[in-house]
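Following this line, the structures themselves.
Each of the two complexes below includes chain A, the first together with chain B, the second together with chain C.
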Partner chain A sequence: MTAQADIGFHARRHARWHAGEIAFWLLALACAFAFPSRYLIMTEIVRLGLFALSIDLILGYAGIVSLGHAAFFGIGAYSAGLLALHGIINEPLLALIVAGLGAAVLGFATSFLVIRGVDLTRLMVTLGIALLLEALAERYSDITGGTDGLQGIEMQPILGLFAFDMFGRTGFFYSLAALFLLFLLARRVVHSPFGLSLRAIKNNPLRAAAIGIPVHKRLIAIYTLAAFYAGIAGALFTQTTALASLDVFAFERSADLLLVLIIGGTGYLYGGLIGAVVFRMLQELFSIITPQYWQFWIGLVLVVIVMVGRGRLHRWVLWAPNWLIARLGGRKAAVAVPETEGP
Partner chain B sequence: MTAVLTNLFDGIAYGMLLFVLACGLAVTLGLMNFVNLAHGAFAMTGGYVCAVLVNQFGWPFFAALPLAFISSAVVGIVLERLLYRHLYTRSHLDQVLFSIGLVFMSVAAVDYITGSQRVFIKLPSMLEGQFDVLGVGVGRYRLLIVVICGLLTATLQLVLARTRFGSRLRAAVDDPRAASGLGINVPQVFAFTFAFGCGLAGLGGALSAEILGLDPYFPLKFMIYFLIVVTVGGSSSITGPFLASLLLGIGDVAGKYYVPKMGPFVIYTLMIVILIWRPNGLFGRTAMR
Partner chain C sequence: MAAALETIGLEKHFGGLRVTRELSLKIARGARHALIGPNGAGKTTVINLLTGVLRPNGGRILLEGHEITNLPVHKRVLRGLSRTFQINQLYADLTPVETIGLAVSERLGRGGDWWRAMGSRDEVNAEIAETLSRFHLLDVMNEPTATLPYGKQRLLEIAVAIAARPRVLLLDEPAAGVPESERHDILAVVAALPRDVTVLLIEHDMDLVFSFADRISVLVNGALLTEGPPEQVAKDPQVKAVYLGEATNA
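So, the complex of A and B:
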């Protein structure tokens, strides 16, 4: 088998749907029916999962470290809020897409700043953009409502059929559907030749350029796509909670997001989703122990994860399932082990 | 005209304060290439130590300042030996995550111990008020800051340029392998420098309680300012961050005075523009690794 055919074979094998993945989504759907009293928190998890999926696209696949991903979340949130508040687009689904596109436009515009320079410059520029937007939102408080946030948002029924109810049932299924569709798209993208070229860029930009990959164009494209996803997540936030305030741009949101993704592991798409579930549960747990100071424990988790080492941690977690699979199936582990970051 | 000069003076005092706060970061981030977002936490430590000593134990302000330095330096060296040194060679992402974790912990811990309200340090009466120099109002406290920070800067420059330790540090930074081959104890040099930088931050934190305001969110609020000083100033010398902090201080004070509605907007825009224009900083010499 030639090298090229070999790579194609492996790429295609990875791209196929595994039983585990189907089980994951069935489980997610089952949760909807198993915990009918927990729609609100599950919506939150789905939204966070989508947001984490968005940063996984740039961090896990393209290796861009961002400290300001909340910028796009915030743009999406405020766009959806303003569209609904002023009755510009009453149809939530359409407003969702428009809000996502708004974030994508910002993502495209700022991507030129972000792809320049090294990690440190990227950190600073992404952080700066988010802070800038926060300052702007505060400055133009007549539009954004300032620190009080947008108030009095009323959502119309989705497609004119499904009204948002107070238990969050509609909101949950709406968010889950959005997450699933966008996940399918992301899955398609990362398994395409385009996605493979991103991995090449992440591993070695210089070499990637040498074999003819247009590095900058690819990075701009994925950054824009990730911004679109984050915008959708933000818009879902506004639509399901009927709220948008300055804290959508907050640094803590971007920092928490990194933690979510790191808990789940980067570079295999499910990391963000699993991380969102774990993060939200940890947050609940910590708020029960020390209501005001849960941030301390979140910080501790971050420090511990880094000190132990992310790769090692994931090997430990996956040890049991791998062992089971090896025992039951009598074959080598099929569970994807997330790759560790290069220096 | 005098208002302009007073503003300029306030800006200089503010800038010098920022320099003392951030110059430790200039070494860790600029020279050792470690993205330490938790630098403000060390400054906060110093500030709170000083506040507790002065307000609750009745220490004189000037006696509490050295202790602010020492306590931050001790915390710094303990953390460096325990945690930081394992991360020097890790990816930037790991360093970012780790230091954000530290920030979160410090914010919650200080909030837990002292409460979330702003803390004021009781100043001796000789530092209050202002006097006129040729019609320009000069705050006594700000003058003190300018003097202390000016002396510190000059000393730092001398230490780095003239002493044996300074040349060891520069060698260790330029090429750690060659330096250790020459018998320089590189980890020790780094640890000492790190601790000293933390100590300076602690001193800055104690001095800044009056001007910047001291509350548990200090590390988050001023993180971006420290980062700006280092990234805009570049890492080739101590002059770069110094000039950057002066620019930042004067710019920020003037911005708040003349265009109060734009808030921090101007600073962030300037930072992004400068970073795009010169990714290695305004006064940078070599590419950042």
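So, the complex of A and C:
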């Protein structure tokens, strides 16, 4: 059955590791040793990359837009903070997983509100949920510390072995390891029939249902998984900075996240990671040039991205990522800025 | 034995427009049944009602004797009812391998697999290979669907429906818009459908209808005008009146 073996080969085309991908991760690891004085900012990038990976799962693969992804980041952040502060779970890794699961539970519960609507409804509902949580966190300040945030979080060593150090070295490797493992999982998921069915739903929900794909069930599943990822990102934030304040829920966080993904490109997993690096670099660059107005410049980048149009942007701004993907994925033009998702 | 597919007093309204009127259809097992009628008669609406894309305002639908009136679209597919669309409904970014692979995976209950890569199950691969070669799609199997010529897309539209291994297949104008040169492939595929699959065909081309169907229902303004074997329908003066003009330019 050569035809059958062939089909297996072709169907797994994207699932196989490409040299460029291995290079990408070696490079990430190399950075850890090349810039030992930059652990803090690199940790930030890793965490932002994980957060962006999370939204790529729902936006890039399933076509679910969200303006409130910080809701899950925030739940993860506060969960990790509260678990550590009250000594409920002292071991960071376990606390990390529990915090992620907490976010996943919220993701599952709210997925029913999110998946049914059209894009605009989804934007409003997700935004609303994040704002609601922010307001709740402010209202119950006896638990959350209100505007001051959680004070006096002390992190125990990871697995009882690796203590968090003041240079952020442990925090960085810890975050990078979490990102890598979750990336591996995401990579498995998106190349599975389940992951492929998400792309089918994004492309044409009518046809997806007409071949027997349970559309709602699949969307609920990926939304829940994405919430888990975002929760982990949030928990990493608290664990590596020993901080958790109301701004974990902030609208800017959700909005920046979309920008990160727009810069990096959706639907090939590396977009969020590349976008996080570029976004953070731009932020640094602009804040050096104009300390007060860096947000203006970031905003301008967004406006330009939208105005110039996706097709052209694709060729100009995303030239580098596209070139990279050609290496990474062995396919052409995989980076696409989120289209007007759905009907 | 229950009919393959049956509707009882089916009704569908769009606002004030009554698009399906007390429609009772019975499609026998193994039948080659054609549903014809002028443009806007409500044929596609019937298919949408049968497959669950639209919910009826009244009436019932039975698949092999079992009530499916309120079943969601994807569950009807798993019960053995699949369709093609009058206007292609495909995945623009996905390749034929992926498109067919998904349909096969879902039918074999592997669609929820999130750990194993698509393409790692021999039984799925074998079916993909068989389907792609039957529909002359092997040569373009790695091209994104959006880049395929229209004729190939049309073949894929039919291939996807058949990859679901339906016992009842609904074809909504399968050859619509296909250039003359590629029509033959489509018609050959339709003619070669296994006999045990019940087929309901919507088609404007009367030559095709009369060569294919062993039973014809005529729909006008959402209601059944007449039904019978082709010879009888062809002679029916009411049908002639409706089709005068239609048939000559088809």
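One rule holds for everything that comes next: the second predicted complex is superposed on the first by the 302 of 343 C-alpha atoms of A that agree within 3 Å, B and C clash if a C-alpha of one lies under 4 Å from a C-alpha of the other, contacts with A are read in each partner's own complex, and residues count from 1 in each chain.
Assume contacts are C-beta pairs under 8 Å (C-beta built on N, C-alpha and C of every residue); 3 or more make two chains touch, one makes a residue touch a chain.
Worth saying up front: this structure is predicted, and the values here are computed from it rather than measured.
Peer 1: When the two structures are overlaid on chain A, which partner does A:V189 contact: first (chain B), second (chain C), both, or neither?
Peer 2: second
Peer 1: Considering only touches as defined above, state whether A:I288 meets chain B (first), chain C (second), both or neither.
Peer 2: After superposing on A, A:I288 lies clear of both chain B and chain C.
Peer 1: Looking at the overlay, does A:A34 come into contact with chain B only (first), chain C only (second), both, or neither?
Peer 2: neither
Peer 1: Using the touch definition from the top, say if A:A19 reaches chain B (first), chain C (second), both or neither.
Peer 2: Neither: A:A19 stays clear of chain B and chain C.
Peer 1: In the superposed arrangement, which partner chain does A:M166 touch: chain B (first), chain C (second), both, or neither?
Peer 2: Once the two structures are laid over each other on A, A:M166 reaches no partner at all.
Peer 1: A:I262 in the overlay: touching chain B, chain C, both, or neither? Say first, second, both or neither.
Peer 2: first
Peer 1: On the A-aligned overlay, A:A209 touches which partner chain: chain B = first, chain C = second, or both, or neither?
Peer 2: second
Peer 1: On the A-aligned overlay, A:L132 touches which partner chain: chain B = first, chain C = second, or both, or neither?
Peer 2: first
Peer 1: Note which residues of chain C are touching chain A in the complex, please.
Peer 2: For chain C paired with chain A, touching residues are 51, 53, 72-74, 77-78, 82-83, 85, 89-94, 97-99, 101-103, 105-107, 110-120, 122, 125-126, 128-129, 132-133, 138, 141-142, 160-161, 163-164.
Peer 1: With touch defined as at the start, can you tell me which chain A residues reach chain B in the complex?
Peer 2: These residues of chain A touch chain B: 59, 65, 67, 113, 116-121, 123-125, 127-129, 131-132, 135-136, 138-139, 251-252, 255, 258-259, 262, 290, 292-296, 298-303, 305-307, 310, 341-343.
Peer 1: Can you name the residues of chain A that touch chain C in the complex?
Peer 2: My answer: residues 1, 3-13, 15, 188-189, 191-197, 199-200, 203-204, 206-215, 218.
Peer 1: Quick check: in the complex, which residue numbers of chain B touch chain A?
Peer 2: 29, 35, 83, 86-87, 89-94, 96-98, 100-109, 111-112, 220, 223-224, 227-228, 231, 261-265, 268-269, 271-272, 275-276, 279, 288
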